[in-house]
Amino acid sequence: MTDSITAAIDAQLATATFVDPHSHIDPHAPAARSLADILGYHYYTELAHSAGVSRDRIEAPGLTPEERVERIVAGLGPLANTIQHAWLMEIARDLFSFEGDALDHTNWRRLADLVASRTAAADWEETVLGKNRMEAVFLTNDFDDPLEGFDTSTYVPCLRVDELVFHTGKAGVLERLGRSSGEAVSDRAGVHRAIGALAERFLRRGARAAAISLPPDFRPYKPDAAAAERALAAVRSAGPAAAATDRAVLAADLLWRVAECCDGCRLPFDLMIGVRRSVYPGGVYQGQDLLDGRLSLADYAPLFNAFPRVAFPVSVLSHPLNHELVSFAWIFPNVYPFGHWWYANTPAVIERDLEQRLEAVPRTKLLGYYSDMYKLEFGYPKFAMYRRVLSRVLARRFVGERGWSEERAVDLGLDLLVRNTRRVFYPAAA
Amino acid sequence: MTDSITAAIDAQLATATFVDPHSHIDPHAPAARSLADILGYHYYTELAHSAGVSRDRIEAPGLTPEERVERIVAGLGPLANTIQHAWLMEIARDLFSFEGDALDHTNWRRLADLVASRTAAADWEETVLGKNRMEAVFLTNDFDDPLEGFDTSTYVPCLRVDELVFHTGKAGVLERLGRSSGEAVSDRAGVHRAIGALAERFLRRGARAAAISLPPDFRPYKPDAAAAERALAAVRSAGPAAAATDRAVLAADLLWRVAECCDGCRLPFDLMIGVRRSVYPGGVYQGQDLLDGRLSLADYAPLFNAFPRVAFPVSVLSHPLNHELVSFAWIFPNVYPFGHWWYANTPAVIERDLEQRLEAVPRTKLLGYYSDMYKLEFGYPKFAMYRRVLSRVLARRFVGERGWSEERAVDLGLDLLVRNTRRVFYPAAA
Amino acid sequence: MTDSITAAIDAQLATATFVDPHSHIDPHAPAARSLADILGYHYYTELAHSAGVSRDRIEAPGLTPEERVERIVAGLGPLANTIQHAWLMEIARDLFSFEGDALDHTNWRRLADLVASRTAAADWEETVLGKNRMEAVFLTNDFDDPLEGFDTSTYVPCLRVDELVFHTGKAGVLERLGRSSGEAVSDRAGVHRAIGALAERFLRRGARAAAISLPPDFRPYKPDAAAAERALAAVRSAGPAAAATDRAVLAADLLWRVAECCDGCRLPFDLMIGVRRSVYPGGVYQGQDLLDGRLSLADYAPLFNAFPRVAFPVSVLSHPLNHELVSFAWIFPNVYPFGHWWYANTPAVIERDLEQRLEAVPRTKLLGYYSDMYKLEFGYPKFAMYRRVLSRVLARRFVGERGWSEERAVDLGLDLLVRNTRRVFYPAAA
C-alpha cells in the first residue's frame, strides 16, 4: 500500500514548478550540446577512474570529444549499480528517447546522434527547463563575474566567495577584487569596502544568495582588527606561501565581512561545510576532493549568533552530521537544512537525512533540494530522484505511520520542493 | 503483513504498566492545570521561535498565561510536521477529547476550556498516571531538595548532580551543600563527606539513581588528591571566574566522588552525555542548548572500569554515537543503553538506534525509554510513540526477518518497556 | 512483494560458491570438534559476561570443557535477541539437526552429543566447507608462521602484521623476525630487508593479502629515515617501555615498509581501522577491545596516494564512518569497502552500510563479506545472514525502486559475494 501512495504523491509533486537554488550552470551555455557535455560530468569520469580507467586515458590532451566519450563509455560497465548511472540513463530515455539500460560500444553513437540533433533545436534550453519544471536556476558566480548577457530572473546570480576568502593570496585575486569593485584594496578597510561594493553590485544584478564551501577545520570567528590587518599584509606579500596562521586569520576576517554584507544586503549565506580539497591529487578533474567528518556545527555558533538576521542555508557533506544539522535548525531561527550535497546526494543517504529533518525541523525551514548541476539536463533525473525519496518518506512516515491524508502529505512536500526556496531566497515576494 | 503484526504487538505492549525512569516532574504539581502548562513545554516555544516567532513575543514579562498561549498557538502552524506537534494533538485528543488535527486561533480556547475543566478534577493526577500506565515516575532532584511532602514510591527521587559537579563555585552552592548535609565543606575531605551524606539521605528517602548531564569535552578520571584540593580552593575563592583548568579538575574529582557514593549506596548513576549548554544564548528558556558529537565513549572507560559494581545507564545526545553505545553495552557489564534523549528522541532516530541495540546488546540490559517530561500528560504520547517504534522494529526484524512468534516478540518488548527498569533500578526486588 | 523477491534472490545467491577473504581459521584444526569449540567463540563468553556472568566463572583455570559449556549455556538466556545467538541456533539446526529455539540446561547435552558425533566424521571439514559453499578460506598468519602442513589453495595464507608494526619491542619479536627471514635485524635496513623477505616467503607459499588492524589515532606517513632509525634503536633498547613517540614513529615506518612490499609483491593490504585494544581489561579473553570513531579516512590519504598500485580493502569498525568509506572508495581507485567488521557485523548495521555502498561505489569494487571466523561452522550462519541482508537491499532498492529485473539484481549480488574477491585477491586469474 505504501508503494501506491508513494507513486500517487510523486505524481502530484511532479506537476509542481519550482526554483533550483544551487547549480553550476553557465548562463551563456546552460544546456548540453553533445553527449560529451553530458558524459564529461565529473561523476562519470571519476567513477570510471575509480573503477580502473586511468586518468591519462580520459584526460589525455588532444583527445577529440568523440574519442573521450568512447573511452568513458568503455568504463561505464562497472558503474551500472550507481545512482549516477541511473541519472544518465534517465536522461537518455526521457530527454532523448534512447532505449536501453546501459551504454556500450554498440549503442553510444546512437545516443550521441540523438543528443546532437535534439540539442541543436533553438528551443532546447526552454524545453529542458520545461521538462525539469524549473522557473529559475541559481548560479555560482565568481566575485568578479560581470553578470551580463543573460536573464537574471531565470539564471539567478549567487556570489561565490571561496576564492576571495581562502585564496586571497593567489596571483591576481586582490587585483581582480580592486578592479571589479572600483576600490583600492591596499589595506583591510579597502578590502572590506570592496567586498561591500561587490555584494551591492551582485544585489543590483539580481543575486539572491552568497555561498561558500568550507573545509572541516575552519572555525568562524571575528578576528581582532589589528591581527586581521597584519594577516592581510602577510598574505599580500607572501601570496599562497604565507604562513597557515596568517591565511587562517585572514579567511576568518573575510568570511565575517561577507556575513556582514549579507546582513546589510539581506542576502542568505549558503554554507557548504566539510569538504577537503585535493585529498586525491592524482584524480581526474573535479574528482580529487573528499570529506572529513571531524567537525561540529557548534563551531559555527559564533556566526549564527552574531548574524541573527542572516539566513544560513547549511549543507553538510558528511552524512553523520545530519543529526547535528537537524538539531541546530530546530533551535536556531536562522539555520536552514539545505539539500543533499555531493557525497550525500544519493537515495539511501537522502532518505535517512530526510526522515530526521521532517520530524523535527519546522516545515517552513526545510530547503528540500538543489541540483548542483553543470548542465540543465541533470536537473531532470536529480530532482526526479529527490521527489521519489521524498514521496516515499511522506508515504511511509506521514500517511502510513501518522495517519495523514495523502493531500496533506503532498502539501508538506510542496513546502520542501517549492515554497521554502521562495520563502528564504525571495523574502520580499513571499 | 508487517503493519498488522506491528499493530498487534503494540496493542499488547500498551496494556503493560511500567516505571518511567527519568523525568522532570515536580511531585508537588505533577500534572498540568492549564493549556499554558502544556504549551509552555520548551519544545513548543523553541520550535515556534525557530520558525520565526521572536523570543520577546512569547517571553515578554507581564504576559498573562492566556496571552502567552495565544502567541504560541499563532506560531504552531509551521510545526505541524514535527513529532512534538503530534504529541500535542495526541494529548488533546486522547486525554482531553479535543477533535482536530491542529490548534489555531479558532479553536484553542475550546482546548483550553477542556484542559481547565478536566485537570480541575481531584483525581486528575491519578487519571493521567492510569492513562499513562505508569506505576512510578523518577524525578530529577537538586542535591538539597528536602524530598518531603510526596509519596516517594510513586515519585521516586533521583539525585541530580550537575550543579554540584559543574557549578560548585556558583554563589550559594557550597553553602547549600554544607547546610543540607550537616558537614563542614571547608576542604575536600569535608566536601566528600557531604556528598556521602547527601547520597545516604537520598537513599533513605527512596532514591533509586543519581544522574548527571555531561558536556562533550568532559573526560572522567580520578585526579590526584593534592591537585583536587588546590582546585577546590581556587574555585571556592574565585567562584565561577576560577580558571577553566581548576574547574575541570574539581569537576572530575566530584564526579568521581559521586560514583564512589553510588558504589557504596548501590545506586545506578545515569550519564547523559554530549550536551553543550548555551550554544544559542538568544534562544527561549530551555531552548539554548545543543549537541556536539566529537567524543567517544572510550573516554568513559576509566569510570566504567573503576566502578564495576555501579550500573551506568548511558544516554547519548548525538545519534551517530549510538553505535558506540551499543558496542560498549555489549562489552561492559555495567553499561546500559538508556532511552532516547532529547534531540535523539524522535521516531526515525529511535528506530535506527533501537534496531542496532536489539540485535547486539543482551535483552536484559536494554533500558527502553523514559519520558523526560515536566508534566505527566506528556508521558502519554511519548511512551505511545516509543511503543509504536518498538513494535515496528519487533515486527519487522524479529517476526518478519528472524521468524519469531508474535508472543516471543512481545515478551522481548516487555523487557525494554517494563522489566529492565525494575532489574536495574530496583535490584533488591528483582 | 519485496519479501518474495528477497527470498527468490536469496535462494539464487545461496547456490553460489565463493572465497571467504578473511578469517582466523587454524588450518590444522579448521572445524569444531565439540560444543566447547563453538561456545568458546568470544561472542558468547563476552555477551554472557556483559549480561552478568563473572569472568571467573567461565575462565576459571581447571574447568573442563564440559563445565565451561554448562556455565556459558547458563548465561545464554539474556542473549536470545542477539544476532550472535541466532548464529548459534542456525548452526545447531542446520549443521547438527538440533531442534529448538534456545539452549538450556535441559538440552545442551543433546547438542553436545550431536556435535561430537558429527564432527568426528573424517569428512566433517569437507562437509562444512560444502555446506558453507566455500572454495577457499583466507587465514590470519603470524609473520613467522611456517605455513606448512596444509593445502594453501584451500586455506590461503594472509600476512598479519599487527605484532610486527605495533609490538616490535615486545620480547622475542625482532628475534623471530630475524630467524624467520634469515636477515640480521640489527638496524633499520636489516629490518626492512627482513620484512621484504617474509613478504616474499608468504607470496611463495600462496599468500594473497597482508592485513593489519589499526587504532583510531594511527596516522600513516613515511617518517624521515634518520628519525625512524633512532626510533628503532630506542624501541630495541627499551622494549615496550619505549617512549610513545618512538613507538609511533617506528610503527609508521614499518607500516610504510609493509605497503612497499605489498606494492612489490602485488599483494592487497587489508586495513581494519578503528579498534582500541584493552578498553575493558576486566573482560573475558578477546572481549576487551572496543571502537572509537574519532578518525577520518582523510588521515589515510598519504598511504592511498603513495601506493596507487596496491589494493587497499578497508574495513571500518565504527558504523558512522561507512559514509566516508563509501566516498573514499568512490574516488580512490585503490580503496575497496571490505565486509562488515566485528561490531559493525550485525544485520541492521550491514543493511545501512550496504545501501550506501551499492548506490555509489562501482560494483566491481565492493568486497561484500568475510566471516572473521575461528571455526568453519560459523561461516555458515554468518554468510547466510549477509546474503539475507544483501538480498533484501537488492530487492528493495534495485528491483523495487529502480525497476531492475530479479536476474540483474542477482548478478549484482554475485559481484559482491563471489566475483570481486576473485578480482581483487586473485588478479592474475581474473
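Per-chain residue numbering starts at 1, and chain names A, B and C are given in the order in which the chains are listed.
Keep this in mind: contacts are C-beta pairs under 8 Å (C-beta built on N, C-alpha and C of every residue); 3 or more make two chains touch, one makes a residue touch a chain.
A quick note: this is a predicted structure, and the numbers were derived from the prediction, not measured.
In the contact between chain A and chain B, the residue numbers used by both copies make up under half of all numbers at that interface. Overlaying chain A on chain C by C-alpha atoms takes a rotation of 120 degrees, rounded in steps of 5. With each centre defined as the average position of its C-alpha atoms, the distance from chain A to chain B rounds to 39 Å.
Residue numbers of chain A whose C-beta contacts span two or more other chains: 294, 320, 352. For chain B in complex with chain C, the residues that touch the partner chain are 1, 294-298, 301, 304-305, 308, 320-321, 323-324, 326-333, 352, 355-356, 358-365, 397-398, 400-402, 408, 412. Interface residues of chain C facing chain B in the complex, by the touch rule stated above, are 3, 46-47, 49-52, 78-84, 86, 101, 216, 276, 279-283, 287-288, 290-294, 318-320, 343-344, 346-349, 352, 388, 392.
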